[in-house]
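Below: one structure, written as structure tokens.
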Amino acid sequence: MPVDDFQPVMGLEVHAQLLTQTKIFCGCSTSFGAAPNAHTCPVCLGMPGVLPVLNGKVVEYAVRAGLALGCTVNAQSEWSRKNYFYPDLPKGYQVTQFDRPICEHGQLTVDGPWGEKAVRVRRIHMEEDAGKSVHDGSAARSLVDLNRAGTPLLEIVSEPDLRSADEVVAYLKALRDILVYLGINDGNLEEGSFRCDANVSVMRKGSAEYGARVELKNINSFRFIKQAIEYEVARQVELVESGGKVVQETRLFDPARNETRPMRSKEEAHDYRYFPEPDLQPLQLRAGLVEEVAACLPELPRQKLQRFQSQYGLPAYDAGLLTADRALADLFEAVAARAKDARKVSNWFLGELSRLLNETGEPLSGLRFGPAQFAELLGAVDAGTLSNNAAKAVFEEMFRTGKAPADIIREKGLGQVSDEGTVEAVVDQVLAAAATELEAYRAGKQQVFGFLVGQCMKAMKGKGNPQLVNAVLKRKLGA
Amino acid sequence: MALTPEQVAHVAALARLELSPDEAALYRAQLSAVLDAASLLDEVDVSGVQPTRGDAPVPPLRPDVERPSLSPEQVLGNAPAKVGTTFSVPKILE
Amino acid sequence: MVLDLTLAEAAGQLGAGATSSTELTRVALQRVEALNGRLNAFLRVDAAGALEAAAQSDARRGRGEARGPLDGVPLGIKDNLLTGGLETTAGSRILQGFVPPVDATAVRKLREAGAVLLGKLNLDEFVVGSSNESSAYGPARNPWDTTRTPGGSSGGSAAAVAARLCFGALGSDTGGSIRQPAALTGTVGLKPTWGRVSRFGLVAYASSLDQVGPMARTVTDCALLLQALAGPDAQDATAADLAVPDYTAALERGAAGLRVGVPAEYFGPGMDPEVEAAVRGALRAYEQLGATLVEVSLPHTKYALATYYLLATAEASSNLARFDGVRFGHRARDVKGLRELYARSRSEGFGPEVKRRIMLGTFALSAGHYDAYYLKAQKVRTLIRRDFEAAFRQVDVVLSPTSPVPAFPLGQQTDPLQSYLLDVFTLPCNLAGLPGLSLPCGFTRARLPVGMQLVGRWWDEAGLLAAARAYERAHDFSRAAPPLEA
């Protein structure tokens, strides 16, 4: 952080692509990876005579996001046209919500070294995404693909409540996690389905006047966001300190040089000529929609994190890892409900399960066994019929094949003998055949104990429960 | 209201229209005349009046179900310039 | 001549087996070929497609599967309605060669009703005009006097119907574009309530004002066409989710007890005296039919012109932004960059009146001017609407001239401001979203048709049609034919 006289002031605009099957205003597929312009129709191509028809799922997702962020959901909201010319904007205007968005006045609580901070969410609105253009390096041309044109977006705008790059990153991560939890966005910055623009300004501490805002556009990783903001704040402070003025402009971040630069061509300041979209009636939410969505809201990441700590006695770090992914958290709880010790379950999740998922790169959704089997395995360890090491081997087999733990244990002969009577009998046998060693032990050679344990384990072909063998042997030796 | 040549040029740029000097002068005069006529609205008291919105029953929202897209021939059949299945335009400068 | 039949009569003859669709279509195509050179009503004729549709209609009828009154009847389509596989230009160079991949909903519905579509009809470019003179493909001409305009923007539709080239046509109406040409050609034209007919596939000009509607020689014919067109549409969220009544059920109920509003503001100076005389004659006729005349006032009428021009051009400037040479339409050659691509393609492709309106609309929406122009006009529009709400508490229809003048010579209208005045009687109806109809009520001494306009309540096309029919039954001009020799 640069000079202490200045306070960075930041607001964030996030554009999140919604995970609907079809586009916001037409029935074209939103699925990724198709050949250019394979998912287009007269509507999203902006042909003459076409009209937008709103996808109801988009509205439902917008309400979900609004409720999760504590917003007021407006029963009536309006559509507007934002007019400008660009090849990836087929109609020459974007249909968006300008005057009255669907959600307003929410907040997102962000945790960090600063404690707890409530960042206000000014508005959430729905709009359509533009297409993409690719530069054809050889010829002096750009190639336009409108598959993405019409993909539904939620624009989530915060108030300028953020005061440091770390706060910004924490806010964005928290927001992303919520949207992913809600099942409405896949949270992918690199692929552009979760896009962040930051408005950065600086103001003198104690001053009531905000500085001019610079917009940093579309930075596609959390690390770059932090770097970009830190660079930009330093740049602005230096500029002001040396008597200059911060120009209100849009800048891009260059990760290679770790600096921000003005965007080359933004002609005369955009006059978007917003006016109400005449082809769509104002959106009136149907009675009961908000209540229905509210009733189905999942527990949100922050609540789950706190509950995992209090309910399961898990440390914050572990709880954080378990709740990072909703499906992982759900699986954990399903196993923990059937197990004795949640912390042991957590260790298995953060240990063996994580290891195997990382090594194989397989998704959790492809897991070949369920919570019942997982719990069965842990129960065997608790009961002493399976050693910890053996359990790891069984788990790996379960992971790769989905076979039931009991079957694997039996097939591989990994079961551990924990029956006291059986162990006693073996110990008696071993002691009966080890008269010399017994004498040596009685004479004071403690290390013979280990040898005797080894003999017992050998006699049981390694399947003896080590703790039990130890205990019985000790007892028999009268030690 | 009399438009200045600068205003006319600005509007033409916003609308992506290229006007010859004669056209610019002609439109300047004609538009100014129309706007003068439109100044008649200045005398109307609209306090408390909301913009019009029809009140007919609105159809239900569209279900999130895929509909067939156009074939490449249909998409590109009218394209003045294309490369493969993309539309080609002069290079866009960032 | 079979083409002298009304649409309803032709449907009757088809039903009775007295003629076939193929026969009607053949005769129509012959007449088009003979006369279109003089009239320039049709921009293109799809003879093969028409005869194919006619054959299918005859086959259906042979199987006893005729679809209704429109099955097999030759019609024309204004060229701002998309026809899949058939060039659609909106009267502009910028869409020359554009072949849409889909039909407009209105077109699809006519096809589904079995109608035979002969081809696309001339219009003012992007509907900007009241004389069809801004068409990039030459003006259409009035069959009553081919040195005169048939009106606009649906000039080709009106001319085709009046000249008996087809039994009916689709037009569109944003500020009077169905009604005024109907009046100038002695035909009947109906603009439905905004939202009654789907706008999907209608090349948009001013979205909150545009409507698709029927044009034909009689009120009954228009009712039959409206029956097929009206209704909600999954592709148009502004097409009202309202059931469609039977438009012919009470068509003959007469005018006894009808309250006819006479708007004081519509009968001032500036009207052609012969037009005024014919319309006042119609008022007396209504009294004779048992109607009561009621003086009403629509005090905000004088603001309608400015309101309309600010709102319509604003919406149009946005709707026409998609014409950029990228995905379809005219593209300028040898451009040196994107800006030039846009500016030259658009400037080369659009005609001067279109450009003028785009300029005006862009200005009305621009920063610093939005409140004073666009927003103000939107509010005045509400007041105009309220005028009608008040009037309809006292009357059932409002009667006025459709056009202040009869058909005028081509080339006469050169001042845009003057030409805007041609729409004064028809504009308020679009601003209020009301249904409006024009039907013939007389001729001038020079044998030019005069039309009167009836405006009805929102969603009450049935009442409007019945009121018009009552007059038409007593004063039927549908047999009067223009002096054209084929």
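Letters A, B and C name the chains as they come in the text, with residue numbers starting at 1 for each one.
We adopt the following convention: a contact is a pair of C-beta atoms (placed from the backbone, for glycine too) under 8 Å apart; a residue touches a chain by one contact, two chains touch by 3 or more.
Note that the coordinates shown come from a computational prediction; the quantities given were computed from them, not determined experimentally.
K.L.:
Higher C-beta contact count, A-C or B-C?
P.N.:
Looking at contacts between chains, B-C has the larger number.
K.L.:
Which chain is in the middle, if each chain's centre is the mean of its C-alpha atoms?
P.N.:
B
K.L.:
What's the distance between the Cα centroids of chain A and chain B, rounded to whole Å?
P.N.:
41
K.L.:
Please tell me the distance, in whole Å, between the geometric centres of chain A and chain C computed from their C-alpha atoms.
P.N.:
The mean C-alpha positions of chain A and chain C differ by 57 Å.
K.L.:
How many angstrom lie between the CA centroids of chain B and chain C, rounded to a whole number?
P.N.:
Averaging C-alpha atoms per chain gives centres 23 Å apart.
K.L.:
Return the residues of chain B touching two or more other chains; collapse runs of consecutive numbers into ranges.
P.N.:
Residues 10, 14, 16, 51, 54, 58, 60, 62, 70, 87, 89-93 of chain B each touch two or more of the other chains.
K.L.:
At which residue positions does chain C touch at least two other chains?
P.N.:
Those would be 98, 101, 208, 234, 237-238, 321, 324, 326-328, 338, 342, 362, 366.
K.L.:
Which chain A residues touch at least two other chains?
P.N.:
Residue numbers touching two or more other chains: 42, 45, 53-54, 85, 87, 144, 271, 273, 281.
K.L.:
In the complex, go through chain B and note every residue touching chain A.
P.N.:
10, 13-14, 16, 51, 53-54, 58, 60-70, 72, 75-76, 83-94
K.L.:
For the complex, which residues does chain B have touching chain C?
P.N.:
Result: residues 3, 7-8, 10-12, 14-19, 23, 27, 30-31, 33-35, 37-38, 40-41, 44, 46, 49-52, 54, 56-60, 62, 70, 74, 77-81, 87, 89-93 of chain B touch chain C.
K.L.:
Quick check on the complex: what are the chain C residues that touch chain B?
P.N.:
97-99, 101, 194-195, 208, 232, 234, 237-242, 300, 302-303, 305-307, 309-310, 317, 321, 324-331, 335-344, 346-347, 350, 352, 355-356, 358-360, 362-363, 366, 373, 375-383, 385, 416-417, 420, 433, 458-459
K.L.:
For chain A, which residues count as touching chain C in their complex?
P.N.:
Against chain C, the touching part of chain A is residues 42, 45-54, 81, 83, 85, 87, 90-93, 144, 271, 273-275, 278-281.
K.L.:
Spell out the part of chain C that touches chain A in their complex, as residue ranges.
P.N.:
Chain C reaches chain A through residues 80-82, 88, 90, 95, 98, 100-102, 104, 199-204, 206-208, 234-238, 314-315, 318, 321-324, 326-328, 338, 342, 362, 365-367, 370, 374.
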